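A, B, C and D label the chains in the order they appear, each numbered from 1.
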Amino acid sequence: MIHSIVWLKHECTVQTVEGRRNWGILERLNAGEVVIGDGGFVIALEKRGYVKAGPWTPEATVTHPEAVRQLHREFLRAGANVMQTFTFYSSDDKLENRGQSLKYTGAQINEAACDLAKEVASEGDALVAGGVCQTPSYLSCKSETEVKAIFKKQMEVYIKKNVDFLIAEYFEHVEEAEWAVQVLKTGGKPVAASMCIGPEGDMHGVSPAECAVRLVKAGSQIIGVNCHFDPMTCVQAVKMMKAGVEKAGLKAHYMVQPLAYHTPECNCQGHIELPEFPFALEPRTLTRWDMHKYAREAYKVGIRFIGGCCGFEPYHIRAVAEELAPERGIMPPGSEKHGMWGSALEMHTKPWVRARSRREYWENLMPASGRPKCPSLSTPESWGVTKGHADLLQHKEATSTQEMGHLLEMQKKAKSSA
Amino acid sequence: MIHSIVWLKHECTVQTVEGRRNWGILERLNAGEVVIGDGGFVIALEKRGYVKAGPWTPEATVTHPEAVRQLHREFLRAGANVMQTFTFYSSDDKLENRGQSLKYTGAQINEAACDLAKEVASEGDALVAGGVCQTPSYLSCKSETEVKAIFKKQMEVYIKKNVDFLIAEYFEHVEEAEWAVQVLKTGGKPVAASMCIGPEGDMHGVSPAECAVRLVKAGSQIIGVNCHFDPMTCVQAVKMMKAGVEKAGLKAHYMVQPLAYHTPECNCQGHIELPEFPFALEPRTLTRWDMHKYAREAYKVGIRFIGGCCGFEPYHIRAVAEELAPERGIMPPGSEKHGMWGSALEMHTKPWVRARSRREYWENLMPASGRPKCPSLSTPESWGVTKGHADLLQHKEATSTQEMGHLLEMQKKAKSSA
Amino acid sequence: MIHSIVWLKHECTVQTVEGRRNWGILERLNAGEVVIGDGGFVIALEKRGYVKAGPWTPEATVTHPEAVRQLHREFLRAGANVMQTFTFYSSDDKLENRGQSLKYTGAQINEAACDLAKEVASEGDALVAGGVCQTPSYLSCKSETEVKAIFKKQMEVYIKKNVDFLIAEYFEHVEEAEWAVQVLKTGGKPVAASMCIGPEGDMHGVSPAECAVRLVKAGSQIIGVNCHFDPMTCVQAVKMMKAGVEKAGLKAHYMVQPLAYHTPECNCQGHIELPEFPFALEPRTLTRWDMHKYAREAYKVGIRFIGGCCGFEPYHIRAVAEELAPERGIMPPGSEKHGMWGSALEMHTKPWVRARSRREYWENLMPASGRPKCPSLSTPESWGVTKGHADLLQHKEATSTQEMGHLLEMQKKAKSSA
Amino acid sequence: MIHSIVWLKHECTVQTVEGRRNWGILERLNAGEVVIGDGGFVIALEKRGYVKAGPWTPEATVTHPEAVRQLHREFLRAGANVMQTFTFYSSDDKLENRGQSLKYTGAQINEAACDLAKEVASEGDALVAGGVCQTPSYLSCKSETEVKAIFKKQMEVYIKKNVDFLIAEYFEHVEEAEWAVQVLKTGGKPVAASMCIGPEGDMHGVSPAECAVRLVKAGSQIIGVNCHFDPMTCVQAVKMMKAGVEKAGLKAHYMVQPLAYHTPECNCQGHIELPEFPFALEPRTLTRWDMHKYAREAYKVGIRFIGGCCGFEPYHIRAVAEELAPERGIMPPGSEKHGMWGSALEMHTKPWVRARSRREYWENLMPASGRPKCPSLSTPESWGVTKGHADLLQHKEATSTQEMGHLLEMQKKAKSSA
């Protein structure tokens, strides 16, 4: 195992890790290693033209495998040690609700996703994780049996494809997350569970600490949060989870895969409530320097599986890997195209840009929005509807004109009371 | 030729154009068609891990062709009709100055770039454009003969590879742009010329109107601006060019390929002077809705070659193509994954997001930065050094410690006088 | 008693209240009336040139009585029912520490203050309140006996001058506030107690609820908060006080006299920690329309003594009185010079300003800062020093060069850890 | 004449000027002295409750002389050398249009204004200036004879009361300003002329340079601008005036009396077009430190009559006087209550505030707005109506419901095209 790292000037030489390829996720975490996650595929591929905002389903694994493969490769190159299968929302109940069911089954999409993740993982030091997430069936108040059947169907593909471990992620309700973990546990692989909650807890107000304890008791070896909030908020939520687990005398590993968007004003439902979601979040995008702070803070708190979700581009993951290079002893392959803390600007044409080739400059910069007529914070649209509310029952049809009238009425009301 | 377009609900069915593949750039523009350009490769591939900020050179055409090919495909899918060869800064004098020369020659990089652009162009309705840009030799005060020799060497590759037309782009000094056009004209292909200037004109204060006249007289059939400024500012500059050309009794077609960053406070040197360049520009990124306004404005002004530069992702180009779909009679292929003006949000899980599936919502939204401790505008670092100043002489070596001391001194001075 | 109010168009005719002049503060509050307080004198008179920022002492009652009298009159005209003596920081220990002691004693300043307040109160429907506030002696860890002696000396002037009631205000530590109330109770007048705390409680972390209970038990009939936070935050703190008092089975009246500055980012020490304090708070100043929202919210929460502190100008108090005119049945005298919700703009020269003569316009306006290079929030300087820390020991001398060196060092440290 | 100034530590001792009381405005300016103007009365007294926004008329000189006198005194104390009569909009045609005519004539109001200004001027080193401003008659297209008669009537009062000089101020159209100057010249006193224009010139596009030349030719010895724009913009406009005068081979003294509001986004009509005018301008208010920069810049440009207009409070004028104390050799009386550059904070209770008692701190501070949901710039309402447009004809009646409907329609149109 080569863990040496040679720092030359501002950079360290990039070295690949050998002889460790047989270590699984738990071996790595048990050994105290930092595992770098990948970033979110849904938003990245939406921008590239392969995912449709609204349905958000991953049929591109079948229709445009080259695009999915390329994104996997970029995250691998950025330092990711986990290739998560691009299987978000690919349960049959969701596909049906989103109008994709006629073309491809969940199984078809998920098998293709496994193949792509495995292909790229084999090109570097990465594990493959098969993922399930919250279902429209749960939101529509289907039974535990029905919901569990959905998770089981997805898991069977991952077991057949022999992924390295399983992740139950993006759950707003701890109950559904527990159900998912209970199903995944039957697969015999390590199970990670990640909720899309912040410090206020799940949609019914269950605290991060209590969620954490319940997930560990359900069988997760790794717990944490993903999506919905910015990095610092997510780290804060995982910190609360960790405190809960420790107080309960339990043990777990911790993971965090936040948004790459600043969301300081969000309530418990996260960025989904921001008026800018999903098509005007650009100004909130974190810089690579924000990512350095995030990675450092996550590490300090004791989180060792550190990745990203919506908004993360490969360079964001690379920044995480670069910040933790001293601890990990390796630089990501993609750092051949990046000078630590901007050092490669020494080769820039303009002298004033060359003057920026140093850590102090970027660490202290407060970037301007370039939008003097825009505010810095928005008012989240907190409609206060949770599972059980009629407006959350999922259906197959697009919003009807009548339903839209009702929604616009509610939007108006929410605004005037803000 | 099929130009029909069928609008169903909010979307139009996507149809491909046939039987027109043999039209060149001038035939299209002469016929009054809108030609959609692609977006900038340098910044997009930097984020994906294949270009190094500082040198900014395009050796990825040789080392990682799959990444370059994928980006071409995404722009094609977004509606681009021009695949520009990824040959920015790939002249031998630049490569030598940026430390890449030992590995690959400019010719090697440029040939690979032509192959990739041609391969993807053949998959859809696109032309291939070979590009040259400003040289370190000019900045270092080399002779007209020396500088022209550099352009000639690059052009010879494009002619050999039989590209559809040539672009001389990213010139800060009109003199050097004229030299480039004079060389490219000898290739026998249509020539476009695009300067990276705003309404204040080139680095020596030559107005957009005068630059335009000189470029037309040098032989360009298409003129315009690219990079350095946000879309509305670039459109304004091209408008001034057009007025100049018309006042001089000349004729030309017009192109614009702006940044995807808001830069309202920039001086003549553009975003290069912003403190956020190049690693903290994220908050300035335009939304797709900003792109609708840009495309409409460019069209109104009479510009018909409309594309993008640094910061453009495929979805930005798609938004340009969607805005001009009524005029063009076609939707881009990638629109299968996008509902016009957010209409596909009708399929979103949350009711309040479904309420956003309409043009009025997105058109009027003022997106928040999410950064309450950051300003909305910065102070550009206007050092006032132009060609001829010692600090702009280009050299092969990275900035030395002594030089850096001098630069930090100048930076401090520039700040205190701002 | 005339409580009728006649609304003509947008305005109501201004009528004075007669026959009630003999009611005291408790009679009014017991009857459920709203009592309008005045605004802060220290900051208002600093801007007018009669108070020195730093010492903040009120010797202007002796040296420039016309200026103090005029400000009293403006608040009376704006609708204030309480003329608080301008006696802030006029205890002898403070005066000595601030270099005023040689010229005037606390007794001289306070007697003059009483005369001015009484003179103006007699011109309208107002009561006179004599005030004491926190002492440097407490901060410097003097004994209970010593501190109480200071309050007693001040109170004796108020009793001699026969003010209507007493206020112990601007206390950061509940212990010192209790001591003050215990002393004031011996005067035989109604006693109000107001702390300069927010929802986080006093400087040692005692919650608003607990502070409230202790103040009521010490003998205050009216309790609340003043200064240090913006109106909505102060109302929130008083709400917590009220909940505490009610939970304890006690009874009290409630008062609130907040800043007229927006302070959303403040920690427990309030606006004193803002980098803008005290000379760059201008952009945070509340508009009159913000005051309408404040007055309504305070009323809803059950607060009936509603006034202001630092930053309040007469028009801010008038806005409070106008918002509550329907409940109170009277408009303030100064409303003869103001159209409710901007209605008098109907007489403006420019038509677009006339179009603003309506409530909806002003209620929904988001005022711009006009400062695109400034942020919207600051980082409070939370040094974390409280009573007992050496840096808080008060002394007579101005900050020495050596001390300043130490302070700048601490400032630097606080910034880098922010 | 005592011009000595003694600097002790950060402050200079305050000394009064003697033996020069007989110098007029021209003697002072000819000698190269800096003359400090006062600030705007209309907005200051609106906040204090004595002026009604909309009509904006100055009947308070008769009804509440104590309030007007006090404001004069505060400006005198702040260092003002000019007491301008509070006679804004007090021509009979305006009073009639604004519903005040039945109570007091213009002559009554203006006589009272002269008495107040003279009384306070005699308490210090100040001159009295009688002022006239633009008339509704001109806006309503009355004849030169009619308009001039109005100015004459006002002037006769000033001559009778023997003021020191005359000011024609707040003119949007150079033609009307010329008429005013021509009338005032007949009074035999020095005449100053000040337009409320910015760098774009008057309402009909006459440039500052041309306005300046015409005003000098009409007989003004002092020319400049007041109101409508922030200090730096006003200084810029006066600079253009000065260049015009010098280019024409003429001579003049220069004055500037800007807003105390930041207005970077304003068009030719100035702050009147800002959505925040007149009741939500608070966040734009300049700090005292902004005033230091203004005073320095005005001085550098060669302006020697430096004062303020709307938004100026006494402490703003004091800051102007303190910045120019080295040049003038005196500190204003009010500086006894102010430490230069915050030096008196050395006496503050809290150590971190004591650390701010230095120039560097305040000079570089970027003050936050405290309003994260508000933008930093607004879109001016540029309706494009100027003299001659029906909507600008002035009438006696308040806006009717029908007219309001028309205005709201226009407002909507202006917004949607912004």
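Basically, contacts are C-beta pairs under 8 Å (C-beta built on N, C-alpha and C of every residue); 3 or more make two chains touch, one makes a residue touch a chain.
Note that the structure is a prediction, hence the values are computed from the model and not measured.
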>> Can you check which chain pair, A-B or A-C, has more C-beta pairs in contact?
In response: A-B
>> As a test of understanding: of all chains, whose mean C-alpha position lies farthest from that of subunit C?
In response: B
>> Averaging over Cα atoms per chain, report the distance between subunit A and subunit D in Å.
In response: 58
>> What's the distance between the Cα centroids of subunit A and subunit B, rounded to whole Å?
In response: 32
> How many angstrom lie between the CA centroids of subunit A and subunit C, rounded to a whole number?
Replying inline: 48
>> I need the residues of subunit C touching at least two other chains; which ones are they?
In response: 265, 366, 368, 372-378
> Okay, in this complex, where on subunit C does subunit A touch?
Replying inline: 366, 368, 372-373, 375-377
>> Per the contact definition, I'd like the list of subunit C residues that touch subunit D in the complex.
In response: 46-56, 66-67, 70, 73-74, 77-78, 97-99, 136, 139, 230, 261-265, 272-289, 313-315, 318, 334, 336-339, 342, 344-355, 357-358, 362, 365-378, 381, 383, 385, 391-392, 394, 398-399, 403-404, 407-408, 410-411, 414
